[in-house]
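Working notes for the structure below.
Here the chain labels run A, B, C and D in written order, and each chain numbers its own residues starting at 1.
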Amino acid sequence: MQKRKILNVAMIGYGFMGRAHSNAFRQVNSFFESPYELRLNTICGRDEAKLRKMAGEWGWERSMTDWQTVVDLPEIDAVDICTPNHLHEPIAVAAARAGKMVLCEKPLANSVAAAEHMAKAAQHVPSLVWFNYRRVPAVRFARQLAEEGRLGRVYHYRGLYLQSWGIHPQDPAAWRFHPEQAGSGVMGDLLSHSLDLAVWLNGPIRKLCSQVHTLAEGRKVDDAVTVLAEFMNGSIGTFEASRFATGNQNRNCFEINGSDGAIEFNLERMNHLHFNDLRHEPETQGRREILVTGPGHPYVDRFWPPGHIIGYEHTFIATLYDFLTAVAKGVRFRPDFCDGVDVQRLLEAVSVSSAQRIWMDLDQTVMLQPT
Amino acid sequence: MQKRKILNVAMIGYGFMGRAHSNAFRQVNSFFESPYELRLNTICGRDEAKLRKMAGEWGWERSMTDWQTVVDLPEIDAVDICTPNHLHEPIAVAAARAGKMVLCEKPLANSVAAAEHMAKAAQHVPSLVWFNYRRVPAVRFARQLAEEGRLGRVYHYRGLYLQSWGIHPQDPAAWRFHPEQAGSGVMGDLLSHSLDLAVWLNGPIRKLCSQVHTLAEGRKVDDAVTVLAEFMNGSIGTFEASRFATGNQNRNCFEINGSDGAIEFNLERMNHLHFNDLRHEPETQGRREILVTGPGHPYVDRFWPPGHIIGYEHTFIATLYDFLTAVAKGVRFRPDFCDGVDVQRLLEAVSVSSAQRIWMDLDQTVMLQPT
Amino acid sequence: MQKRKILNVAMIGYGFMGRAHSNAFRQVNSFFESPYELRLNTICGRDEAKLRKMAGEWGWERSMTDWQTVVDLPEIDAVDICTPNHLHEPIAVAAARAGKMVLCEKPLANSVAAAEHMAKAAQHVPSLVWFNYRRVPAVRFARQLAEEGRLGRVYHYRGLYLQSWGIHPQDPAAWRFHPEQAGSGVMGDLLSHSLDLAVWLNGPIRKLCSQVHTLAEGRKVDDAVTVLAEFMNGSIGTFEASRFATGNQNRNCFEINGSDGAIEFNLERMNHLHFNDLRHEPETQGRREILVTGPGHPYVDRFWPPGHIIGYEHTFIATLYDFLTAVAKGVRFRPDFCDGVDVQRLLEAVSVSSAQRIWMDLDQTVMLQPT
Amino acid sequence: MQKRKILNVAMIGYGFMGRAHSNAFRQVNSFFESPYELRLNTICGRDEAKLRKMAGEWGWERSMTDWQTVVDLPEIDAVDICTPNHLHEPIAVAAARAGKMVLCEKPLANSVAAAEHMAKAAQHVPSLVWFNYRRVPAVRFARQLAEEGRLGRVYHYRGLYLQSWGIHPQDPAAWRFHPEQAGSGVMGDLLSHSLDLAVWLNGPIRKLCSQVHTLAEGRKVDDAVTVLAEFMNGSIGTFEASRFATGNQNRNCFEINGSDGAIEFNLERMNHLHFNDLRHEPETQGRREILVTGPGHPYVDRFWPPGHIIGYEHTFIATLYDFLTAVAKGVRFRPDFCDGVDVQRLLEAVSVSSAQRIWMDLDQTVMLQPT
């Protein structure tokens, strides 16, 4: 192994996502041979005690409490943002202007304007938005099947992201329930993932109509949203995201029905992909439960031998690896901030459609085509 | 067993549904002790050779080719209609006016006006619309759990009816593809079932917005439809019906998420109901796969011992038994033609919503409340 | 439809199996065009009231209480036996000697000697033993895949028949718990089915070692049995049958692992077959859930359209149809009494192996090869 | 966080297990607050290039090629062994004699004598055998349910460990196929896991009878083994382990049927446990699919929020955490080398039973009782 260039990382934020990101920075080179040696240089947040604990657990070399200072530190090469949503914009813009690579949690921002501001600021630095589910091996394999034409012409797409913790009373101080901080409820938190996957797997959406609900008494952000959509390729779509879908924990699932094949995925069983190959003799056609742990499946040869399943955190590791590789090669990484803007536009259309009870036609000229 | 009153049945139509109905008439008293002795008096249709074959297979005593003559025969007590949809109205009205009980395949009619005409004509005779899936034991058990309050407050309802045979080229002469005969494609054929179940299980729908599609080149009826809905009880709903949902054969499924329990059902596994009881200790909560073959489940003690599954045709047998019992007791049977009208109104709203790209507010004053 | 020969049937016994058989006699010509017109001539048993009820429900023309008289009635063409097991032998022998076709519930007898006696008596008349699960469409399709070489060389076979009702206190008068009447507990009742399927699907067994248990205090028949086996084709097998396998209702399941394909079946989901085709590209290999309702699947085109599932009773209907067809053609029907003898020998070997704690080598020279 | 005592670890071996162990040493304090600070001091093996690569990937500070030197290094506190099986004994004995804690891959040894030798040598130092599946959260939760009496009296236990890679031609040089190095094939590799879990979950085995097979032409170790067993608690058991169970990748599964509850687990879906609670009302009893990711489930609150699944490697992390905690408290860790000896005795009984075609009665006086 030749000597690798060192990449100094600063992470702003230290919650659940901070742990998942820390793990990725720490582990990526255990599983992959990335082009960089990563140094967990600085972790930044407001609570010094929590920062020190996180630093100790994950190996961050230093903790600081002022993000503005951090993004300007000359030794920092990459800034990773996992703060409440409303801080994404100022941090990302400052980091990008300071010439750092910028990695940011989803949703990219709380408005299209903010997202566009970020994308513009980051146009000369590598950027990443953590739509990590694109790198679930089973999801990546689904995309591969679609790219190979194994689905034929797609007729239907259904994307559901169903959780149930919203029915429990919540800490009113939690930022996820503050519209100013979170921007939205399930729209930014869950629907954004479903829309990103849909566009990535099935192409741009050209029309949508939606209904946004707040089911909990007195809550200020949305708890559930349903969407009808039509894709550019003529297929019909439906989306649901909810924190009130009792009986479901983390069911980020999709089904795609095409003329030559059909696919189903469910994040609660993220090592499996269901595939129905319609080109096969009719008698033995059926929903195949493929255990996507190799051989021949994306990423997994870097993890464990076939049959040994991986967990949630590996989606971050694989995302980071692909990002580092793209950066070293000087090619565009996807999903970057421009992809984040696209999702933001869809979220805004969902919001307007529901408020005005109208169908929205999306201006595809500004929508970036997925690779 | 005391001597039972004889009920002479005439059936108009002899296709797939004719077989399912014949089986029910023939078998109901093998499994249930209904109040009537059924006589399969007359089968009626246009093709004499096919009629004779059907009569021989199922034990119809006589075959005739003119339905008008049949509905006026004095000895006939009940007229069962399984013709193409456009004939439901004239036959049902004539039969009702002749004082016969009337049983009719779904959808009740091809328009709200026709359905209302039928319901009015049948207001003094017992009527039935064959929404047979209400009597799947697992579905009936789902309703029982809902009635017992086991679901608590309902937040979400999703009803899908997914088939895939639409992608194959069809016999252009088949009545199901003629708008004049079928009235519609999946709307009447599949969505009607989903809407009937939804209203029965979760109460009236107060708003909806939909998109209706014809995916096959040159086809004159709809192949797929998607719907957003809101129920009177405040829950949100989505519906999809399609003949292009490849990978699915006959997936008439629903999921209901309530504050105290969640339910999932799929007709392709119609002997199972999935139930998640949220009143239970959290650690052992999970999606229970209940094999609804008894003991303690609706209908099934009349079929086979626990663990021995039943097939599709038993839904017709149980429906018929409940109808005969209600008739003998002089009480209203559900779903009757009034319920059929309700579904027809929903279908019409779906159609208008899609054509005009608007949300429809349903006038609930005319909507009959489910029992 | 040409005029068919009439076949007068007498059925001895009227329990659960009596209902399933009655249904088959009554319905076979509704679904299939069998070569015979069946007349449900006589039902025979000891309890006159129950007989009359059964006769009324299922259309038996006459009821009688003395089986010896019945089997000698000149007009009877076929005698069907669904009595307690110990009566199989005398009735079958008498019926066969009277020249009747003989159909008998499984297990064929309570000893190899009795079974051989029956087979010898029946060697000049058509005979049938009701191993009805051979005619589950999914099981028949599994056999077809095996015959076509789709499994390659078989390595493993596991047959389980798991029920749980044994843990409940039983009516001590029930014949199933009397060794003299039932012969055994789960061995004859459940394991016999598993062994018949195993031999039919994977060929003769050449060695076995077993353990037979009575788990309920004071019960006189076996409640559970486990078996290690080796097949003539070199594959290894295990079997379990139990009435104490809590959590299972009627899980008659098997798994076959071969060099080119693997299969799983479970009677509780009898319309599905799981197939793993190993000749396929490795990346998309997986356990396919095939809904065996056509097109192209055995029997089901006679029942309902694809996607409409069938229930337990159709296995009897399909068995009867195949029997009648074989009789009309003058060819051997399988499983006949000789197949019943084979299973009886295996059951006896299981019994001896457990009692003596030894492996049993089965004399294959007397074992009849499956077709 | 107070200052923790440093624990210097040496690992002998660097294959697949070396990666899984390295990950555990590296990550345990990111997820748990263990009492020790772990230092990945030395990795030892024969191939210097591979060692250096492993050291770089996982953070080992030093690599050495002579294990005897390593186990005697004064600074080393704990020796972890993941070499081919035949080296377990000499390394463990030397390390224990040098006063080090000893952690060893399963199976503990290639004979009872060797295992006993190791256990005796390690009697004054903490020892661990890597039966990591005891710490799958779902398996640990199964044990908890059993301990709480939720299963009642157990009737049946079935343990299967099914893989399929054995059908592919293997590198003849691989140590797993050398009897001298591996000791056995699936017996030590797979059956050992199943037996350890069975004894841990259901108590000691008192009798067994088995059949051991080599299915691949010319292979020198066993490819498949089947076992009948009887537990001390009176329940009946069956076991199968195979590398020829095509269609299965890594199906380490068990089913336990008790009077009050039944359980099913499958490693391929290791985040789920199926539980059937028979104390519940009969109508809603069913196989619950519990997603064992919290709240209230073992270990998982240290990993990710509820609904975010974990992968294979976390079983090693949780095992290591429990070991370190036990060491710090001075209490016995389970499974230790004595547990490893118990499994070895069972494996030897399996081997003898098959060779001599006899049932083996296990001398329970020497069998250590599980906690």
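The rule we apply is simple: a contact is a pair of C-beta atoms (placed from the backbone, for glycine too) under 8 Å apart; a residue touches a chain by one contact, two chains touch by 3 or more.
Owing to the predicted nature of the structure, the values given are computational and were not obtained by experimental measurement.
Peer 1: Could you name all chains that are in contact with subunit A and with subunit D at the same time?
Peer 2: Intersection of subunit A and subunit D contact lists gives B, C.
Peer 1: Looking at where subunit B touches subunit C, is over half of the residue numbers used by both copies, so same, or under half, so different?
Peer 2: Mostly the same residues form this interface, as more than half of the numbers used are common to both chains.
Peer 1: On a C-alpha centroid basis, what's the spacing between subunit A and subunit C, in Å?
Peer 2: About 54 Å, centre to centre.
Peer 1: I'd like to verify one number: the distance from the centre of subunit B to the centre of subunit C, where each centre is the average of its C-alpha atoms, in whole angstrom.
Peer 2: Computed from C-alpha means, the inter-chain centre distance equals 35 Å.
Peer 1: Which whole number of Å gives the spacing of the CA centres of subunit A and subunit B?
Peer 2: 42
Peer 1: List, in ascending order, every residue of subunit B touching at least 2 other chains.
Peer 2: Subunit B, residues with two or more chain partners: 287, 291.
Peer 1: If you look only at subunit B, which of its residues touch subunit C in the complex?
Peer 2: Where subunit B meets subunit C, its residues are 1, 16, 19-20, 22-23, 26-27, 29-31, 52-53, 56-59, 163, 165, 249-250, 268-271, 291, 293, 303-314.
Peer 1: Of all residues in subunit C, which touch subunit A in the complex?
Peer 2: Those in contact with subunit A are residues 141, 145, 274-275, 277, 281-291, 295-297.
Peer 1: Could you pull out which subunit D residues touch subunit C in their complex?
Peer 2: It comes out as residues 155-156, 158, 162, 164, 167, 209-211, 213, 215, 224, 226-228, 230, 234, 236-238, 240, 242, 244-248, 255, 257-259, 261-262, 264, 276, 278, 287, 357-359.
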